[in-house]
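Below are structures written as structure tokens.
In the two complexes below, chain A is the common chain; its partner is chain B in one and chain C in the other.
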Partner chain A sequence: MMRAVIRNLYLAALAIFLLTPMLVVVVFSFDANRFPTLPWGGFTLAWHREALGDALIVSAMWNSLIVSLGTAVLATILGFCAAYLDYRYRFFGKRSLMLVIAVPPAVPVTILGMAMLAALSRTPMFGTPLGVIVCHVAIAVSFAMALIRLRLGDLGDDLEQAAWNLGASQRNGLLHVVIPFCRPSLIAAFCLSAAVSLDEFMVAWFVGGVNETLSVRVFNLLLGQVNPKINAIGTLVLATSLVLVSIAQMSARVGGTRKDAA
Partner chain B sequence: MTARLEKTQAITPAGGRTRAGNRAVLPLVLGLPVALWQLAFFVLPVIFLIVITFWKVRSFRLEPAFDLGNWEKVLTSTPFQRALVYTTEVAAIASLLCMLIAFPAAHAIALGLSETARRRWIAFLIIPVFSSYILKVYAWQVVLSPGGVVNVSLAALGLPQVDLLGGALSLNIGLLTLTLPVVTLILTFALMGVDRSLLEAARNLGASGGQVLMQVTLPAIRSGVGLAAVTAFLMSFGDYASPVFLTGSNPPTLSILIVDTVKSGSQWPRASVIGVSMLVILALAFVTVQFLTQRRAGGAR
Partner chain C sequence: MIDPYVRLEALDMRYPGHHAVKDLSLDIAGGEFIALMGPSGCGKSTTLRMIAGLEQPTSGRILIGGQDMTHVSADRRGTPMVWQNLALFPFLSVEDNVAFSLKMRGDSPASRRRAANEWLEKVGLGGMGKRHISQLSGGQRQRVAIARALVTQPSILLLDEPLSALDAHLRVHLQTELARLHRELKITFIYVTHSQSEAFALADRVVVMADGVIQQAGPPRAVYRAPVNGFVASFMGMNTRMDGSVAARSDGMIWVDCPEGRIAVPDTVAAGPGAALSFVIGADRMRLLGGHERAPEGHPTVAGRVVGIEFVGSTQTIFVASDTGRDFRLQRLDLGDDAVLTPGTPVTLTWDPRHAWVLPHP
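For the complex of A and B:
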């Protein structure tokens, strides 16, 4: 009994520690005080309104939308290709390919940002949302591939082979059997890649130049003085991440194995 | 690229039978884009970074050269050496703290909770991994600041003010915000893989809780512990946001040195030297932990 109480208290403390920073941002975005502290200064939407009226923030929102969507689409497609390749084939260089897909999220973003900037600064992609997208895809494809590969593990050999037996080409088997089976994990990969891109600020800061994403705008505002607009943007960013990660989790959990569903 | 179907030697898809070369086309179509993408936007940039460390800067322009001077200048400079020692120290302490806090939580989640509660906890821990870290660092900054929530609350209780921001405490709070969710998840998954009957057997044979932990549980998840520790070290070692916003860049970490050097303009080769040195240290840390966890695994049998 005593052990269970201690265990729950410990877990509750951990939950509070992890929730505090997120709640602080959201709660104080509605506080009328300029500086986010106690006592509560009254409810207001002024900071949200002010943030939405700020031209730099609005353009950052558009940039984030473009960059996150672009990253999500490309990372999901490339992640599926890599996952299927790993699932179905054996070939020379497979380990190296899987390594260069898996490793990027483990490299500190300062180094990644510097390396990507050095490489992209000689191309017309530098300073454009496209430049940020290509770099974010190189990072996010790792998560997309992992999610889809997990799902492919549940496919089993027989279904695709049955399609081939019935005369389907490998391409048709892929299009009509494998991809429909993977749909939940494709949705999960899409949402998670979008969330990774939305939150990443270092590479986007290095490579994006004047085209700031929301996370870069937050970072640049932080380098200045305390600004209540940060809480307002933060609430939007956190809410979006929460929705994306929740959809990803629900999709990734769908179905279990094919045999269960059937 | 010559590709072979795995596990499906007997039945081949239509088309594969007629033209032998055809089977290699689909894997090529699938594999080439992602391979080229990672090559162009990850591998080549990192190689380029290594190459730049040997280049020269002349009148604010980068010039290809083979010059070891950058390495010599950076490695012998006091700011770099200080930052190297400081960053390693910070990352080591933060990782140790993270492991000590995460392990009991993971143990409780993996072995103490019901199936439903466990699934909820895992879902809960995934959210902070993928939600803005920079915003959370900012939140801690305002909570811990002199006029922030903590100090205002202390004042209301009639207690003296505390200087929370700008020291090891605030730095570790920031780093734990980054590392705890991931590390707890890794340890939870590792512990979920432990054979429960083994733990029960040990308990039935009269082992105390501590003995079960030290002699059964921990040895069984050795590689998971190694992975968790390396992850914590890697994340804290490379982090930029916490040292900047929670200690005011004082003293600077290696990541801060990199950003300052890059943003100040012309010293790209030197910034690259710092970056490549960091990669070498991280690779060494990874190999060491791999070596330790695997060798002990062999020795135990």
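For the complex of A and C:
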């Protein structure tokens, strides 16, 4: 009894600690006060309206949408290919290749941003949304691959061989058995990659040039003046990320519970 | 055998550090129910997987219906298999599982659905097509796996320990079902199992393998009664093996000197005096002598003590250690007289010498 109370108090404290900063942003985005101060100045949607009316912010949203969608699509495809490569084949240098795929998230982002800037500045991709996508894919693909590889581990050897045995070519086996089996993890990888890209600032700032993503726009706004619009954008970004990560988590869980069905 | 349907020619399978199948040749007739049996690691599953095209033999040829299939890929062989762990597709409905091979073949959705449901009907799962695999019991899943393999009306069905994951009751039930399917379809069944009872109950012919080599192939009764060597004899289990040296020959019998005395066995092998010789006596051929009963003239007797009794339903197996230290097995109808045969009770065993079987190869 006492134990349960202590445990629940601890969990509540943890949740408050994690959520408070985000909650502050959300609360003050609806506050009529110009500056985030107490007491609460009354409910308003003015800052949201103003943010959505700002041409720079809207164009940054479009950029973010394009970049995160592009990242999600490419990272999921490449992540699947890498995971399948690791699952299915044995070849010289496999460990090194997998290490290279896994390493980008572990590198400090400033260094990653500088490196990507140096690499991209010599290509026509520099300063375009495509450039940002390429860099974000490099980061997100390791998460995508990890998620999909986990699912492939549950596939075993038999299902794919059973497909061949029942007349499926290698291509059809991949298409009709391996990919459907991995679908929950593909959805999870897609959403997580989109979220990673949406939230990423440093690399986008280094290589994006004039094509600001939302997080870069927020940074540039902050350089000017403190503006409640920032809280409004923050709320929107937070909501989107939450939805993406929730879908990712739920999909990953579906994958886990179904594995014993065969 | 005239016109074998499946012909395995000198198949060899080497993995790094493991020679799984050695120079294996076997002819299987069309419509035959053949069981490959042996302990785990004997190469029976590898042989089956080579027939299915899931393993490429290191050397040798596989012919099916007169065509060389050795280098044909698995999806073009028409050798569907029922897997030990079933390998059903968990993301497809029961119906789509059964229809999978038809879809790969390019049949129309309507004809696929019709054929799948027809087969579900045949295996007793009519009306369950829309269910999810996870909603089925173990026995039902097994039936789905069988329907899925048979839906293209193949001329061969491969079965890799298909019943080993089921409980004993279901196993017997599905065994009957498989026998019925084989009777009705008249196609070739190649069945891998480590279970002697399954192989004997189902197969026209059993193939006993060990160490990647066929030890003996023949009808179940022949393999059971007349094992060719010590391995097959001990794999069959229900017998007692005795060893000795040839003492003399007379009247179609060989007299063998054993620690238990001079024992007669049928004269079926060429062995000169003094040569080592091994023979087995089936447990069901052994008999216990009653209190003052004397063995018939020429029947050997062995004295020993009861070690234990195993009750197997209608029969019982009595384990006896002879005074010479050999383990004997005796199987008989359950007579309900276990009480007098408590461990340690002295008994005398006897058998008809014509029922001993001399191993051609020890």
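The rule we apply is simple: the second predicted complex is superposed on the first by the 250 of 262 C-alpha atoms of A that agree within 3 Å, B and C clash if a C-alpha of one lies under 4 Å from a C-alpha of the other, contacts with A are read in each partner's own complex, and residues count from 1 in each chain.
In the analysis below, a contact is a pair of C-beta atoms (placed from the backbone, for glycine too) under 8 Å apart; a residue touches a chain by one contact, two chains touch by 3 or more.
These numbers come from a predicted model, not from an experiment.
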> Which chain, chain B or chain C, is in touch with more residues of chain A?
Replying inline: B
>> Once chain A of both complexes is superposed, is A:159 in touch with chain B (first), chain C (second), both, or neither?
In response: second
>> Quick check for you: in the superposed arrangement, does A:25 touch first (chain B), second (chain C), both or neither?
In response: first
>> Taking the superposition on A as described, I'd like to know which of chain B and chain C A:43 touches: first, second, both or neither.
In response: neither
> Does chain B (first) or chain C (second) touch A:168, or do both, or does neither?
Replying inline: both
> Of the partners chain B and chain C, which touch A:85 in the superposed model: first, second, both, neither?
Replying inline: first
>> Under the stated touch criterion, which partner chain does A:176 make contact with: chain B (first), chain C (second), both, or neither?
In response: second
> So which bits of chain A does chain B touch that chain C touches too?
Replying inline: 161, 163-165, 167-169, 173
> Which positions of chain B touch chain A when the two form their complex?
Replying inline: 1-8, 11-16, 23, 26-27, 30-31, 33-35, 37-46, 48-49, 52, 101, 104-105, 108-109, 112, 121, 123-128, 130-143, 147-149, 152-153, 156, 176-177, 180-181, 184, 234, 237-240, 245, 255, 258-259, 262, 268, 271-272, 275, 278-279, 282
>> List the residues on chain A that touch chain B in their complex, please.
In response: 4, 7, 10-11, 14-15, 17-18, 20-22, 24-25, 28, 35-39, 78-79, 81-82, 84-85, 87-93, 97, 100-101, 103-104, 106-112, 114-120, 134-135, 137-138, 141, 157, 160-161, 163-165, 167-171, 173-174, 192, 195-196, 198-199, 201-202, 206, 215, 218-219, 222, 226, 230, 234, 237-238, 241-242, 244-246, 248-249
>> Applying the document's contact rule, which stretches of chain A touch chain C when the two form their complex?
In response: 156, 158-159, 161-169, 172-173, 176-177, 180-181, 183, 258-262
>> Please output the residues of chain C touching chain A within their complex, sorted ascending.
In response: 52-54, 73-76, 78-81, 83, 85-92, 100-101, 103-105, 132-134, 148-149, 152
